[in-house]
Each structure stands twice: as C-alpha cells, then as structure tokens.
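Please find one structure pasted underneath; my questions will follow.
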Amino acid sequence: MHYHPLTADDRREMLEAIGVKHFEDLLKGIPSSIRARDLKVPEALSEMELRRELEATGKKNQGSKSVLSFLGGGSYEHFIPAAVPQLMGRNEFYTAYTPYQPEASQGTLQAIFEYQSLIAELTGLDVSNASHYDGATSLAEAGLLALRHTGRRKLLVARSVHPDYRQVLRTYLEAADFTLEEFGFEKNGKFKRKEFQELLNEEIGGVVFQTPNFLGTVEDLDGVAREIHALGAPLILAANPLSLGVLRSPAEWGADMAVGEGQVLGLPTGFGGPYLGYFAVTRELMRRIPGRLAGMTMDQEGKRAFVLTLQAREQHIRRERASSNICTNEGLCALGACIYLTLLGKEGIREVGELNLDRAYYLREKISSLKGYRVEKDSPVFNEFVVFSEKPFSEIQSRLIPQGILAGIDLSRYYPEMKGAFLVCATETKSREDLECFVKALSQC
Amino acid sequence: MEFPDGLRYTQTHEWAKRTGNRVRVGITEYAQHEISDVVFVELPKSNLAAMKAKAIAVVESVKAAFDIYAPVSGTVVDTNKSLESDPSLVNKDPYGRGWFYEIEMSDSTEWGSLLTAEQYQAQCTTTH
Amino acid sequence: MLIDPESRLSFEKSRSGRRGTQFPKERLSGKEASKLLPAALLRKEAPQLPELTEPEVVRHFVNLSKKNFSIDTHFYPLGSCSMKYNPKVNEWAAALGDFASVHPLQPEETAQGWLCIFYELEQDLKAITGMDRFTLQPAAGAQGELCGMMMVRAYHASRGEHGRRKVLVPDSSHGTNPATAALLGYEVVQVKSNARGRVDLEELGRLVDGETACLMLTNPNTLGLFEDEILKITEKVHKAGALLYYDGANFNALLGITRPGDMGFDIVHLNLHKTFSTPHGGGGPGAGPVGVKEKLIPFLPVPLVEKRGERYGLNFEQPQSVGRLKAFHGQAGMILRAFVYIRTLGRTGLKQVSEDAILNANYLRARLKTIFPVAVDEPCMHEFVLSARTGKGNDLHALDIGKRLLDYGFHAPTVHFPLVVPEALMIEPTETESKETLDRFVEAMTEIRKEMDRKPEIIKNAPHTLPIRRPDEVMAARTPVLTHRDWLRENAQQAPAESNERVAVHRISER
C-alpha cells in the first residue's frame, strides 16, 4: 500500500528485534471471540479509478459552480481570492499539529494571533479566541458562559436568530439544565421591542440577538444594551463578520460577547462544513472565554514569541472543572479567514460590504416591481431579504431548478406562519446579468 | 521554609489567621513552592457561603489549576483585589500581601480542629 | 523585545493605501451604499485591518509556514494523536468545485453526490466498528463525546432511571472525558488502574452500581495496552444497567483486528483527524462521528442520512433526538476526505494500518526500553509510554526531553500524560513511518540519554536550533497580550493607521 513503507524485510527484522516469531504473538491478549473476520468495506481502488468515480459522484451535485444560486441562510457564496486556498494549502500549515510545542509552531501561533487581532478589530471587542466549531456552537458556548457568569438559569433569545442556531442553543442549554425563552419579530423582520421588554427581567442571564438576522433584517439595537445591562445581564450578538466593514459593530451596540459564522471569510460553502465559529468578548470576560488563546510573549533571549496561553481554563488541565470540553477547533479555517481579511484589508472589507448592500438592494427593488411578489421595503438588509410570493415556493423552486437557478430558502419550513415566503441572497458574486436573469425567471413563473 | 507560629493550617496547605470572629486565609509557602509561578487567582464572590473543607477558590499556574479550600465555614466578607493585578504576590509573600480572602465564621468551634504550626510542619516533612 | 523582520505582524507591515485584492467597480443600485441604510445602523469607526499588497501577504504567510514543523516535514511520535500521513488525493477531492460549491440547504435532488458520500461513509464506519448507526454531525472528538453522553442521559431518562448520576472514567483517561461528563452534570468517579496498567476489575466491580450511568473507556488505553478483560468489563457494566462508551482516540490500533461493537460498547466516537487521515490543520478542523447500538438510535441528533430506493435524503424525524449539535449537517469536507481514504486503502489496506502501527510501536518499544524505563513491560498496541525519570538525580523532566528532540528534527512525543506515569513520554509512531525514520529516532533518544548524564544543561535549555528559544509562559499568562491592540497598549505606540512611518525593524528594550 503506497502510504505504508514497511517491506517484508523490514517486518522480519523488526519482529526479531521485538523478540517474537510471528506478528500474531503481539495480539495474544485479544480474546479470540472478538477477533474481526472480514472487514466489509470495498476493495481498494487505484488513485486513477477513484478520481474518476469521485468526479462522477460530483456530477450528481449542482453547486454554484454549475448553477446560479441565491441561497443564504447562514452559508454564503462569496468571492475567495486565489491566494487564500493556495496559502492554506501550504503543507507546513495544514499538516501541522496543534501548537502545544511553541518553538516548533511559530507559524501557526502567529497566524492565530493575527486572526484574533482581526476578529477583535471587526467586532470592536477586546479578546477573541482561536476559533470554535461554527457560528451555532460558539453561540451555544456564549449562552452557557453568560448563565454561569451571572449565576442565572434562563436565556432570552430573538426568534429571528437562525433556526439551527436556536436548536443547537437549546440542545446545549438543556444538557446543563438551563432554559430559554423567545421573543418574536414584526412583519418587516425587526424584533418585537415590546415583547422583548416584557420578557426581560432579573431571571434572565443573557439576551441573544442576531444581525443581520435570519430573515436578512439588520436590527436596530438602540437602547437594548442599556436595558439589558441595567438588569445585570450581558448582551450576546451573533453578527455576520463580513458585514462589519459597513454595519455598526457589536462593540458599538454595547455587546459583551460577539459570535458568529466565519465561513464568509474566505471559506467555500462546502455543503455545510468545516466552518468557523468566531467568539469575541470584552476584557472582563477574558478568563471565562472557552477555547484556545494565542498570546505574545518573549523567549529566553528576549525575542518576540507566540504561545498558547491561559491554558489552565482548558479541558486537558481542568478536566471535570473545565467550562468547555473543546479541544480540536477549526485552526485551518481560522488561518483561511486570517489570510482573507489580510488580503482585503481596511479598504476591502468596507468595499465588499458595500457591494453586498448594492446587489441585494438592486435585486430587491427589481423583484418588488414584479407581479405576484412582495417585499418589505422598510426592512434594512445587508445581503439577503424576504420575498413573499402568491404561489407556494415549492412551485417556484421546481420551475427554476431546470433553468439552472436555485431561487432561495423556503421560510415556511422554519416559520410556519410565513407561507409563501422565501429568503433570497445576493452577494458581491452576482453580476447585473445574473440578477436580471433571475428576475426574468421569477416573472415567468 | 517558613511555618509562622501565629497561624493555623489545613492539611490542604491553607493558612488561617484569626482576628475576633474573622479569619484571613492564604496558601502556605510550601504550597506556592509546589505550584510554582502563580499566573491567576480566581477568588470567591463576596457574601459567598463558605463550607469547611469545600473548594472556594482556584489558583492557576501555567500548566495546572489547583483548588483552594475553606478552612472554616462562614461568609466571605473580603477578598484581596491586589491579586488581580499581581498574582505573583502569592509566590513572593504568601503569608502577607499574598492573602486570598476573609471569612466571618459561623461556627467558631471549627477553629480548634485546624493544625498548629508544628503539626502542619510535621505533615509537610513526612510527605516530602 | 527583539522583533526580527520574520516575526513582524501583518499589522506592522501595513502601509496606508495598499490593498491585496480588488472588486468589480460596477454599482447597480444607483445609490451610494451608505445611503441605502439608516445612519444609525452604520459603522462609526472603521475596523483597522492591515493594508498590504498580495505579494506582501503571500510572502508573509509563506515565511510564517516555514517556521512550523508538520507531518509533511517531520516525524511526530505523538501518543493518542495518530499523526499519520495526510493523503493528497483527499485534498484533491475536497477542492473539486462540484463538492466545494454546494450549499447545505440546496434541494436534496441537487446534492445527491454529497448525500451519497455521507451515506457511504456511514456504512463503512458501521462495518469497521460493528455499530448499528452513525451520526456524522459532531465537529470533533470532544463534541462526539458530548453527543454520546447526551444520548446516555436521554436513554436512562427514557427508562425512568433518573438516579444514574455518576460516570466512571479510568485514571488514565484523556481530559475531555471527565470534562464532558461534568458539563452534563454527572459526578465523575475515577477507576484505578491495576499493576498491569489496565482497569482494575475489582475496583470497577465495587464502583459500578445503580447510580452509574456510563463507563467511558479508551481501548487500547492511554498506556497503549489492550484491555484484555474487556468482555468482563462489559459484563459488569451492563449487569449494573449502565452503558459503555468508547473513546475512539486510539482506534488506529484496532482496524480490522477487532471492533468496539463486538466488545460490547454501546456508543463509539471516532476521530476522523486521527485514524482516518484527515489533516490536523494546526488545531482542526476535525470530525467526531458517533456510532450507536440499536437501542440508542432514537436519540441520535438530527438530521440523519438515509437511502430511499436510489435516492439519498436527510431525515429530520427523530422525536427522541438529543437535538442538534451544530448548524447544517456536519464537517462535510472532512467526511469526504475520510471516505476517499477508506476507498484508497480498501479492505486489505485498512487491516495493514493497524498491523503496521502495532509493529512500529513494538519495534520502538523494544529498542527504547534499554534507554528509558517503559511504564509497563509487555507488548503494546499502537503506542507505549516511557518514563523520563531515570533516577539519576538530574532535574530533567519529560518536557525537557521533548524540547531537546526538536533540535534533533523530531516533534516531541506527548509529554506528562497519562498522569498515572511520572514524567510520561507517550509515543505513537503510526503505520506511515519507515523503519529508517524509527531507527533515526532511536539514535536521537540514545544521544539525549547520554546528554542527560554528561551535559544536562543542553537539555534544560533546549531547543537551541528553532526560530525561538523557550517562551516565557508565566509572563504570557500574567499579562495576556492577545491582540495587536494589546501589544500596542503594552508598548504605548501609535495605531498603524495613523502612522505613516515604517515600523523600526529591530527594537530592543529592557525586560
């Protein structure tokens, strides 16, 4: 097997050095009743044959490489500069281990430090960890952190937060015997302020908003942080990091924690993973943040050095007293985000945000003038928005797929009261022709 | 290695200094030596109900975390804020500026069961 | 602080006006973007990202990469990590546009290629482990453990057994085991190892009872020893009505030799980034699929992947499910890589993985045991533990030996773990290392052993030949500098956006 170097000669010499006659002698301790008979997996394929098969399997997918996709909802098609996958593909990065030996991992550690710095800049908060599994799990851990920090048992969550995120949050909270309560949203996607205020009390250990929310609406959180802080609870904001070049930052909204999905920072949609959860907090919460942290220090000769720090919070040291069990995170994905943000730079992050706004508003305007469709014009959006159609969405979708268009996400699947509503996303990847083609196809439905 | 006389000790290497009904607590020189460089101390919240022999604080070194226990039961009435900015005080001056917290005792009879300096010193020498 | 050009941050190389990529100029909506939204929703202070050109960014990251050890450059004998070769055809597959460009919420008929891969991998993992169903959702081993333990809880709750509050773990277990159990509110009880390094059966018999929810085990254990009394262990645990959880970190020893399902385990998690060759990435991404026996199927997280006739689909109908662990379906890219690996090795290749892993480990053990004491002197599985305590009165620790190995061009083994062995060095060579590499490693260890006696200072101060010497970890923890802004504040300088001066290349200050 071309990954396994041992030759027959090697094996013979090694068995001799070990002092056994047969390899089987080394397995004496294993009860014969549980020795495996035959591994029921297919026989090996040569690389050439395997590649042919994989290409054929790939053809059974219709991703944005071959169709025009207007899908968003927590996973987004964005322009990825060629340098990002190339640099991520450096062997010394992607086949490196966790940087527990700092002297042999300065590349990885400095990249993590720069990633942490970039996330801190984007969110405006003080401390970022080295990554979490994805936006949903970083939100779940933020929720747990809030409840442990305040000593309370209930979290208040906007219903306009991504349905998968709320489901993950519920799973994690229930595991720790905590509860959650939701407040709703108006027709235009904005959160119901009165309902939020009515549910906010001293039992609440944290409040979660998402902006832009799952319906694409950019939330106006004026006064919200003040109200939450007055009751001694933190504000947790799930924010799209790519929008933070133009949209008001979590720090500017008074958030104590910012979490969200970093897939938008240079990673493909890839059928849902691996993605990248970012997690940033104020300095006050620094010692409670889960996950790894890379810090700057000096070595014995006074040279700048990077090292994993505050490790005494983590599972391998605290064991049953750890606040999170996370070990492996999304290191390579964080590296990708770091490279992407460094390439975009100060101007690029603003420009990409403006382009997303431009494409989404243009498309929404065009769709609003079509018969049989309606949009909520007074809903401020970033790169996705709700379209209400007279026809059921399944009909529209099945008409458009043969035309090579994925029209959007059926919202009634998540919010049963939103019949005929679907979520349309238009990022900087869409040209005028793309958008006009889509509008034409919709009009013919 | 110091084992000051005016203090009482626990088997888990805390020292206790009594003033009236208040007890000031820290960790011994032996403990700080075992832990080596202290990087962070997680102190209890004020008004916390302390229970004798139950963990109440945590000391972190670079590579480990150690539970610190309450020598007596009562209420936490004060904590040493200086440890937030300078945790090395625990190493440099464990019996003085490196103190951790103070408890208002709820059961002063518990004081009697704490170790004397000789008893604690003897314990340290046998385990060594 | 000495800052050589190679360790400048991207922020410190930044120059106002430079950029690393460009976007289309055309704007469609006729309005300036900032006028599309109310001012109250706009950012007030721009984020200060660095400003570099593409060639500068490339040079920056390529030079950073050269400071790393990696499997593609060095041998990593890290116990319980299975640092084997990461096949390139796996990367080729993950990069194919037909896979990478698919959105997770696409209509199922447009994602049949992906759903087929998920389904096929599940079938492979079932066959390999002897379990009845798998969830491919957990993002890493630790999340797999969380998933598994949630299912343990749900299972007992469904049977009205609310008194099962304890989880048993061996004293040699990985930190994630007790951390996970404690997260779910379980009381963690440690089971002692016996003199042979295995779970003490008598002790287990005393501890397991009607209050036990689960025993979490790794087999072989973290000493590299096969729990040969596993069938008795299973019997005791099941007799008490508790479940048995398999931590798959050491599964590289068992491929094609034996299966956790046949040993009696009820729940299994695998680490795709260990046994199944997906790359470590400098700290992830990984994937931790969880397999269960039939009685636990109802509790699996949603969604599950199914085949209906010729079509593949997602099943969200799991009323007793523990819930959802992450958004969407799982670490698809890692699932694809693991699938490709299994197809590349096939039935025969997979069997050879464990055989050669075991042979390599025993060979190293046989040759090293005359140099350092072995924790337990008997044939091991895919890894073994040495102690760096030579009893010769030096002040050297396992950590120091590990650091000196870096100078010899080897990554350190796992040090100071498992906790049951003083000055532990846990060594796992894996099957993708040649005998020549192992011989060179033995030579290095032999030299270091001599150095321990003759010039211990060279070990105490190792490494000497890497980009940095030992970092001051106390300073890093006492005064955390975690971002560029922290660094600026510590050094009271201007923020880069306001400074048009080149940052000085060498800056030496008093410590």
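Labels for the chains are A, B and C, by order of writing; each one numbers its residues from 1.
Here is the rule we go by: contacts are C-beta pairs under 8 Å (C-beta built on N, C-alpha and C of every residue); 3 or more make two chains touch, one makes a residue touch a chain.
Computed from a predicted structure; not experimentally measured.
Student: Can you check which chain pair, A-B or A-C, has more C-beta pairs in contact?
Tutor: It is A-C, judged by the count of C-beta pairs in contact.
Student: If you average the C-alpha positions per chain, which one ends up nearest the average over all of them?
Tutor: Answer for the innermost chain: C.
Student: Let me have the rounded angstrom distance from the C-alpha centre of subunit B over to the C-alpha centre of subunit C, please.
Tutor: Comparing mean C-alpha positions, subunit C is 37 Å from subunit B.
Student: Where the centres are mean C-alpha positions, what is the separation of subunit A from subunit B, in Å?
Tutor: It comes to 44 Å between the two C-alpha centres.
Student: Could you give the separation in Å between the centres of subunit A and subunit C, each centre being the mean of its C-alpha atoms?
Tutor: Going by mean C-alpha positions, subunit A sits 19 Å from subunit C.
Student: Where in subunit C do residues touch two or more of the other chains?
Tutor: 473, 476-477
Student: Could you list which residues of subunit B touch at least two other chains?
Tutor: As it turns out, subunit B has residues touching two or more other chains at 39-40, 60, 62-63.
Student: Touching two or more other chains, which residues of subunit A qualify?
Tutor: 310-312, 317-318, 321
Student: Hey, which residues of subunit C end up touching subunit B in the complex?
Tutor: Going by the criterion above, the answer is residues 416, 473-474, 476-478.
Student: Inside the complex, what are the residues of subunit B that reach subunit A?
Tutor: Checking each residue of subunit B against subunit A gives 39-40, 42, 58, 60-65, 67.
Student: Along subunit A, where are the residues that touch subunit B in the complex?
Tutor: It comes out as residues 287, 310-312, 317-318, 321.
Student: In the complex, go through subunit B and note every residue touching subunit C.
Tutor: Against subunit C, the touching part of subunit B is residues 37, 39-40, 60, 62-63, 87-88.
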